[in-house]
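Shared between the two complexes below is chain A, which pairs with chain B and chain C, respectively.
And now, the complex of A and B:
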């Protein structure tokens, strides 16, 4: 669009830049206005912006009172989510930061019991679920599905999730457990995810995804151990939380690579894959598979709201619309790796579905019940796939996984610019016809066969468990 | 690279694209467009603070500028500066998190956009390229491309001084300017604007006259009439200089753009356009546009500028199916019905059995039981009594409508007005509580309630159009061809539209049949563009003076000065005098003076004015007198009691000897005086006078008169 010159309009890049110099409060306002103005939109930019802001907020927090810090984060979080309730990711990140704070607290108050295990799934006494520590830890020693086995769904929501940030770090834990051998929990964690993520470890084709988190998390874990050492005397709440937030940032950065790491497990030679909308996660996933295998991609263009970005991502490897990718390296488009890509209008999805072997969907938000909110058209694709018994795989970073239950689906769906559907020039039409242009679709859980997150693959019915691992009950309502 | 110091000072703000920019991008918001198209609401509040979909207009403008990455904003205020200042101070735009590094209010005493621009030039605030927008722009356009194109052009050619951002729209579009339409002649190869004219042009024709050279100089030419001109201009400081050089420019398009393009040979400046075919851009330039932009916003054409974006702090709108937006804390009775395309603000309560449809309802409104609201705009704290029917109208803050009232489409009910029980307000009414005292823009509350309009127990009276002008040339009158806001009667009543529409109706006829007979109308039509302003300025100033009871010598002086400066024809002077007199007389009559007294008062007091515009007493054919009478007749044709006033006026004029007997008789015999039914009707009463004159003056032939009589009888 703007040739040669740097983008002028504010967006994620300008926000991150200004964040370096601006104090927290104006930055919060700034982000709120950007969110309202939709200058930062879609899950990843929102997540990046929120994490960066949280780092700033925590960094500027004065004092050592943890309760006050929690209150401060909640207050910021409430304002951010109120500004744009449909960007659920913002709330997710805030909840995870809150979880971090609580975890640091728990680690310190329950310090002695902590020493042995780093998985941290024993809960400190001050939590509401007083009865459960023994239960969960006892199960955890022999069952990989310890939590799932231990609790019915509701209980899981109220269960203490003292280990939330540990959980978020689980993939690193997996890959780094060798360096972290002394922990008794390591084999356990390994077995927990052996089901899905074992291949990831053994897979030689994804060296980048596996190694880079490795180093970083190992480092941060070391830091944490250092903190552990000093904990008994003097806790540095702030720096620990900030470390946690940085890990969260790493997670955001790496989730695409980690998801791409398992691509070969899911995409086989000569398959026909159907996908839609412009998603970096999906593109990286397919690209990673394309290194080894030949397959065919059918791409629904998601007209009208996302077609320019879709075309852009297919032709040049970057979304033309989004402004953030100036600092992101553009990658080669799929076609450059020799994969044939067919772009079809959404209306042809059903017709072509009989020949498709697998549907891969990108997502905007994944909800705790296993349903997802994705770019409009996803529901239709999933329905058509169901009709043809084609497996539907959803790719999503864990950060998109939300503890929100979709009681009111309409609330989650954003309606966009009607002008994309009908040209505004058509005066008579504009005057007489109401045009609705939903940007997102809600896809119910029963239409999805598998979720692939940066933790591995999960059945939709298992998602609540991951939610329980990542978010604390007391934070679910901000 | 920007200088270091500058970067440091604004680095903490949103500062996108800093490597590229030499100067911070500046913008001027013309918060007061010097018009009265939103009367009577603008009497008490500045236009830019009127709520559009429950958000003040200026918020949309700020959003637009923030979206475009503007850093320094100057808000140019006219009337109600204090209110604008209060608002801006409290808003998020002047807080620390504001995307603007500078937000300044400029107060001015300007009376037109031209004055404002010249004032800006002298202030020297604007250093580099800047955006000029009105305080009523609603747009989600990203300006990057337009700005980049502008800069690229500018780098190549210093004379490319302005880029206008225009939105494509079809031939018929609700958001386009109604009534008048701007025509752009463009060279599509380099987006240059070659010629601009607004239809109907100042000759009141719909013909576009293009310099033949344009055709020979350019390979391709587009003549476009399908563009929404939303007044977004990217200007260089040269534009201001140009305004200053031409101190008689008043309007940015009709005046400035048109003339500068015409004088391309002289000044060598070029204007460019940036035409966009997606995104939303519109100006809320009149009530019709208010209606259509509101509907666009509710139907999400302007996304993300929708109610549920909650642009203003404290808003909490949520979208429900069918474009229903409700804020938190709305109280709905169990069986009230909210139909699609409705916005309801916080604290509003809606009673049992009420039906709300296509409406925008502000905060804390109270709507009773069984009320039917369709297409209405209710501002904050309005209340509607049980069983009322509200159609497409605007009900301003704190206005209250009694029970079982009917408000018809097009009615405007201003702040704090109370409508008594069981009253029906017809569509053409504009009811207010505040009357403007001339020259002080202070609303005063001294006028009495007009119970015939607002009903028993009501408070308020019919708004009298003050004679301010639509300086802006994108004027479409208040009347849209098929608009609900059909305020035809009002605009005929008002001088302010003299330049635009009523002139079309009135003068067209006159000139049409006159072209053969006499030459002075064609003189008028060849008047320079300044003369076009004369009509309005002169009549406005005379009317002002009459209202304030100035001496006629002073009025005469002012009028002469105006006539000289704009090179107006005698005909125009007469017309101005007639229009102002008639307006003053009708307002006197309305305030209770009898017709005879009013006429006597005005004409005897200001006899000089009439005399000084008539120069043919010596000659036998009384062309000027006939013209004067014709103008009087035409003007009165549209007024209440026009016939009675005409009779008294004619009698009085003869009595004062301003018009001679011959003059009146010649007028009576003139073919143009019996042109239309209306004209015949209005002169019917004057028959008695003519009869009397004929008796007294023997030399006049009886036959003519009888013919005339027969004609009259035939027609009636």
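And now, the complex of A and C:
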């Protein structure tokens, strides 16, 4: 557990510190308790903590049985998501790690000459990691296949006519499908041809987003397959997965910079930009544009839950809440770069919207249907923007993109301390009035014009593709 | 079914694709049109003595044309025939996919098709169950669902939701008073739901807007899902979509992926079928037009082998619901946004 090193307040920093010295199992308990007590909150800290923990869990995993590794990751993932189901990012990271394990396996079971092909495989990925960590693999196989990763035969089919980049990316599949097919019982057709496939393959693609009744059997089949594969090959599964997790950490670190990199394409001189909440992603985006251009920022303060952080980020460049020991490097606040910033209460948003050129929103989670969960007030801002035909741009790292489908919107909204709306000292008021304090809003997809992720700009209707590229269908139900 | 079209006699005078199709469809009420069409085509290959790829494709093309010409609304059917054709072409081009040697590829594929004929049907039914099994998550406790028509997938989904005892939901079912065939199916679904203690209200088409205030979500079936993500469905679906959009209610489409069809309609009148919905008349020709209409109807119903059917009467007519009205398409391979449909189609065509 937390070592008595320093009088650290429990949080991300203390967790990362204790992780260095604590074995995996107590660390899992530690993170669970931090999540439950909300001492680690918001997407980025949760993502960082989960990735670090996953690295530890995989690192301490004994043996080379891939199926057991997958099961271990799943089991940790299930406990973490149960601890704080609304921090969807935790589940996202766990699914990404599971995807990594499967990818390593798929790459290595490609052919008999796997050692050679693997070396050729891995080094370009490492090169890429400077710009596009981890994603490199899924992005370069940008074939028009939804389940490209899950159904290897698809790749061999389309690579006949697709561009050379894909050819170079997946050579083992093309050369070896005769040896591949019997080992893995790969479905030979893609989803529209599902009707004609062999009966054994019928449960190969588990449906998205829900617990299907046959999901369990499909999973166990998958696991058996994985076990077979890992026994037959002698790959260093663990170190490759750990490499992948480190790339994932790089991605988390760099996603803000990558998003900020395209700022000049979206913010033009003399524009009036409206944003809300204290988001480092948005601030870095605006700062990057402020290096070259002069524009005006209108900042809705999101009282009561985020106003102190908002004021802090505008004055000093760091959220006031954050403790000094969080060694996030401080940056110059927008105001110091000569950008005029107006802070307005949320109630003024509609009034000022007619003068705003662009709305830039930060997000908590992006969902598979193109909708998003963001700090309370976002829905109102987006709606007002729609009314005035003002474009709404959402900034989000890919790690916030979740395969979760919003079956029930109310489940995603978290309610906070009502005492911040009306202080509990105001006994008479509190006695007579019900006070609610929702922390998040659900913004439907049709109110958003553009998503900017670390991969570039996407229309909301395209997000399902990025989800399909990043998460394996078999992992969607943890 | 003795009357043949002139072209039907050329390759195989003894095989009648249309009557095969009809008997397959009549023999199993659970069957959808595209699957029945695939069945019929498999049967056609079984009855033929083709031995080369080109011959097979020509035979297929011929039978497809005959079949399409004999049905008043071949949109749904063409989804099945197109899918089958593409499947044959892609598998015949890659014999290795079936683990076959280069020599015996054609015969093996033929045998695979013939021996698995019934399997396709089972698979299609499975996909309906699959859709139902995770589509039911869309229905939340306390929700009121609006639906229409006699879609079997929607029926399966609602039944599945009704069977889970933890969920209480209500259904508003649009049943038109027309004498169309899916009325019967609709009645059956309503009866089943009521037997499961699900409160169901049946309303006419005209009461959709009135009821929408009580409704949380709209779920409809589709005859075909077109390339831009829109759907072709029973007449009245389009207005439900428009109304749901204007009231901000989610509008979900439930369809198996074998209903994806390669059409790109831009408006209601782009559909490649003739519908007798808008018929402008003046007093003088009322009589003549009416008698002509009833005659056409009689032919369409009684004599299916007539080479060219004249349009659909209003009871069986369909309309096109554009993609911007659709929140999501629930298929057996996941919940798709309308823009994902073209991608799925591109996968098999290019």
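Just so we're on the same page, the second predicted complex is superposed on the first by the 343 of 478 C-alpha atoms of A that agree within 3 Å, B and C clash if a C-alpha of one lies under 4 Å from a C-alpha of the other, contacts with A are read in each partner's own complex, and residues count from 1 in each chain.
In this text, a contact is a pair of C-beta atoms (placed from the backbone, for glycine too) under 8 Å apart; a residue touches a chain by one contact, two chains touch by 3 or more.
Remember, it's a predicted structure, so these values are computed and weren't measured experimentally.
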Which superposed partner A:273 touches (first chain B, second chain C, both, neither): neither
Touched partner set for A:22, first chain B, second chain C, both or neither: first
Chain B versus chain C as contact partner of A:462, first or second or both or neither: second
Which superposed partner A:407 touches (first chain B, second chain C, both, neither): second
Chain B versus chain C as contact partner of A:360, first or second or both or neither: neither
Partner chain in contact with A:415 - chain B first, chain C second, else both or neither: first
Those residues of chain A which chain B touches in one complex and chain C touches in the other: none
Parts of chain B lying in touch with chain A, wherever the complex brings them together: 11-20, 25, 63, 66-69, 92, 95-97, 99, 140, 142-145, 147-148, 151, 167-176, 226, 277-280, 296, 299-304, 309-311, 316, 318-323, 340-341
Chain A residues within the chain B interface of the complex: 1-11, 13-15, 17-18, 21-22, 25-30, 33, 36-39, 82-83, 410-411, 415-420, 423-428, 430-431, 434-437
Of all residues in chain C, those that touch chain A in their complex: 35, 38, 83, 86-87, 90, 94, 96-99, 116, 119-120, 123-124, 126-127, 130, 133-134, 137-138, 140, 257-258, 260, 327-328, 332-340, 343-348, 350
Residues on chain A engaged by chain C in the complex (per definition of touch): 144-147, 153-154, 157-158, 161, 177-178, 181-182, 188-197, 199, 202, 205, 207-214, 368-370, 405, 407-408, 459, 461-462, 464-465, 473
